[in-house]
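Next come two complexes, and both contain chain A; in the first it sits with chain B, in the second with chain C.
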Partner chain A sequence: MSGRSGFWTQALAIAKRDLLIESRGGEVFGVVLPFAAVAVFVVPLATDALATRLDQLAYPVYWLVGLLFGLQVALRQTGTETMIQRRTLALLGIDPAARFAGRSLAAALLMTGVMVAIAPLIVLFYDPRAIPAIGPSLLAVVGFAIGLSMLSTLAGDVTVGLRTRSSLAPLIVAPISVPLLIGASQTFESLILDRSTMAPALLLTVTVLSLAVTGVLTAPALEDATT
Partner chain B sequence: MTKRMVLPTLSAAAIAYALWLALDSSPDVFQGDFVRIMYVHVPSSWLAFLAFGVTALGSALWLWRKTIVWDRIAEASAEIGVIFTALAILTGAIWGEPVWGTYWDWGDARMASTALMLFVYLGYLALRRATPDPVARAKRSSILGLIAVVQVPLVYFSVSFWRTLHQGMTVRPDGIQMDGSMVAALLGGLAAFTLLYLALMVERVRLARIEDANTLSDGVAAGTAITAPDLDGIS
Partner chain C sequence: MANLGLVAHFPCAPGVEFRVSSSARTDRRLSRTVNSSLVSLRGVGVRFGPTPVLTGIDLDLAHGEAIGVTGPNGAGKSTLLGVISTLLAPNEGSLELFGGPVQRRDLPQMRRNIGMSAHETGLYPELTLLENLQLVERLTGEVVMSAMQALEVVGLAGAAHRRSSATSAGMQRRTDLARLIMTRPQLILLDEAHAALDADARDIVDRLIHRTCEAGGGAVVVSHDRSVLARSLERIVEIRAGGLT
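Presenting the complex of A and B:
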């Protein structure tokens, strides 16, 4: 890969590398996804079937599982770069912003896959009162996945090489991801209630764009800090 | 009085005066004497916003100038901001029970977003604790310091974005909807807490400088302990 290649060429090459590692290791779809399915299944078991209305829990459980297991996808062991890998990429002249974009893109694709896969389980086990229109809902899920993957990539990079990384990165991501969660879940709610989705969709879009700008602008400093 | 004691003494005097203003002000028509808690709660919240803003500024200046003092300022301000945020949450809960009938309401946007802001900065401090090397610590935490500050406008404008339990802004560009003695107590509290913030900042930055000097001198001590062997008299 030449240092003179374009931003998107580098970003796509990094994303392709991450997806290739995932296809070989199968951590997301072989481990994280089944674990997420178990989590979806455990909630009805842990609640009193006579006293709890599961249909009301459907979407909160969906977004909660999406957030927690989305974090697992973004911070997966097989997707973690070692210091040597990071230094090699830096020496090869890879644009740190392209690295951030590529890693976020790969994580967003995997995260969207997990969230799409658990959606039928939510419908099956929880029988929600209404299902929002598929097209706009998918857009909300994709927006959420892109935002969470960028945030997790940033947090993963900030904590790379630390002994407490596995607990510290989620501690950083979870509170900051709230605007994403509100934007995406309120979009669903608005679609179900047939209200305007403008405000939540705008919140989601602005948050995703802010994270993209922050990620690109801080990428060189972050590379300097962690190589 | 030494120069070092000027700010702490001033802040102590200001806090005593603010307390007198708070106790001397008129009770609220609806809240009664419970309104006096607001003279601690509101300045605590404002100082938390200021402290986290200073953390972001210190982080940005560290990234730009790479001068360690900016990292010390960012760290000190974050620690003090966490204390002020916790104080704001605590006083808000104490006030909320008699006035709203509940210590805490998860459905309230201001309460929930303030709690999340606290967690974000606890994460910031945890990141600093987890990174022993001072330069690596400064580099990593400066980036998080810049990202974390997005919580501040979110918390501040939460009462405008979402109409939940927490009341809207009392102090607005078009004026303050309060009695004169209440305004005096509020501004007195704000001035006193600002002086307290400055006094704590100066002391915490001084402490950070001593910690850094200690870390460096530890390194020197270990270095001088290992010297070349004395071979005099050995044939």
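Presenting the complex of A and C:
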């Protein structure tokens, strides 16, 4: 009827599947996002609420909430696939790397959505210093979301089927997310202080590319180990 | 059943010339293997930890042949299907599929020619029956009929837009069969395929097995109930305590 699907056709089909499932279940925007909003709101209550302090806390809180709840988004994504579903996909001859790319893409889109949605709350509650360049700062958010989604997808695949998955996966993600966090947050900082963003942007880019290469190269072995 | 647009047409007797309409790479592999077994297991053993589940399994499945595997619960029937499907690597022995050894680099290509349906289906409950099959259509790109046509074949066209979570176990099994019908694999592996199916659906299973064999493929059908297998299969082997009898 038609020719064999290529890498990107398969990856986009997997991403569309995940987004469709999310749109029906509404977990990210119905559960994770409201909790992220609460977290943004709670931090000022836990401090002495001096406006000057809040202003300084704005971006660290933004990235921290982004990291914690972005991780939730991606791990929920990888946790919803059952063993039999994984096996069915494997037996369709799907390229494991395309599967990794598709899952990461869907998680990155959802994560970007969460981070964009909490940004106005940060502005509202913390009154942070304005970022002069919206475009580059949005790129930093997208880069962070892509990197974290790939990392979480990898961690989710490594821990699939384990009883300790929910605690083990974040432990794997935490240390490797540090360069992502530094790269993205320092890009923001550099933009605010009108310094060169070269070094943090390079760190972010190299980390994202390294995760992409690692994900693609390890996908076949991970599929063998987890189906 | 609608025109299945077979990917390959094989004779039931191996060794006779055949016609293939899939990719060139598949053609080469099939022409190399037409005289050999579709499945060949030699001395296969599987252990889960220290517990042996299968021991010394020798089994051949010829082109155009269907075989039934029966045995009590826990005998290793599903494990055997896992090995044949390439999803479970044996601890001992060797597996050859389509006339060649199973190698990592050939796995995606090899697996496209294997269709498996187990008692638990791989459907996504949030998606409709049609969306589940359309996903397969997009992922493989190599289907002999559309998702909707496949649903018509299994009598589920009217339920195409219902979420699979809102359908019965029998309807989900039928949808799983529709997946096999639209992807038309050469080797089908059915694990308790007749469970939760009504008489019409069981006929669909039997026709699927028959047509696959007629096209030169093969089938391994597992059931704990020998009488179910005896209804449509001539060759039945029994697996007991991890070994074939």
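In the analysis below, the second predicted complex is superposed on the first by the 217 of 227 C-alpha atoms of A that agree within 3 Å, B and C clash if a C-alpha of one lies under 4 Å from a C-alpha of the other, contacts with A are read in each partner's own complex, and residues count from 1 in each chain.
In this text, a residue touches a chain if its C-beta (ideal position, glycine included) is under 8 Å from a C-beta of that chain, and two chains touch if they have at least 3 such contacts.
These numbers were taken from a predicted model, which means no experiment stands behind them.
**Q** Just checking: does A:Q10 make contact with chain B only, chain C only, both, or neither of them? Give me first, second, both or neither.
**A** After superposing on A, A:Q10 lies in contact with chain C but is clear of chain B.
**Q** Just checking: does A:L138 make contact with chain B only, chain C only, both, or neither of them? Give me first, second, both or neither.
**A** neither
**Q** When the two structures are overlaid on chain A, which partner does A:T214 contact: first (chain B), second (chain C), both, or neither?
**A** The answer is first: A:T214 touches chain B but not chain C.
**Q** Could you look at A:L20 and tell me whether it touches chain B, chain C, both or neither (first, second, both, neither)?
**A** second
**Q** If you count the residues of chain A that each partner touches, which comes out higher, chain B or chain C?
**A** C
**Q** In the superposed arrangement, does A:I94 touch chain B (first), chain C (second), both or neither?
**A** After superposition on chain A, A:I94 lies in contact with chain C alone.
**Q** Looking at the overlay, what does A:L168 touch: chain B (first), chain C (second), both, or neither?
**A** first
**Q** In the overlaid three-chain picture, which partner chain does A:L54 touch, first (chain B) or second (chain C), both, or neither?
**A** Neither partner.
**Q** Between chain B (first) and chain C (second), which does A:P179 come into contact with in this model arrangement: first, second, both, or neither?
**A** A:P179: touches chain B, not chain C.
**Q** Going by the contact definition given at the top, which residues of chain A touch chain B in one complex and chain C in the other?
**A** 224
**Q** Would you mind writing out the residues of chain B in touch with chain A in their complex?
**A** So the residues of chain B touching chain A come out as 63, 113, 116-117, 119-120, 122-124, 126-127, 130-131, 136, 139-140, 142-144, 146-148, 150-151, 154.
**Q** Considering the complex alone, what residue numbers of chain C touch chain A?
**A** Going by the criterion above, the answer is residues 5, 23, 85, 87, 89, 104, 107-112, 114-116, 118, 120-122, 124, 126-127, 131, 135-136, 138-146, 163, 179, 183.
**Q** Quick one: which bits of chain A touch chain B in the complex? Just the residue numbers, please.
**A** So the residues of chain A in touch with chain B come to 154, 158-159, 162-164, 168, 171-172, 174-176, 178-179, 210, 214, 218, 221-222, 224-226.
**Q** Over in the complex, which chain A residues touch chain C? Could you list them?
**A** Interface residues on the chain A side: 1-6, 9-10, 13-14, 16-17, 20-21, 24-25, 82, 84-85, 87-95, 220, 224, 227.
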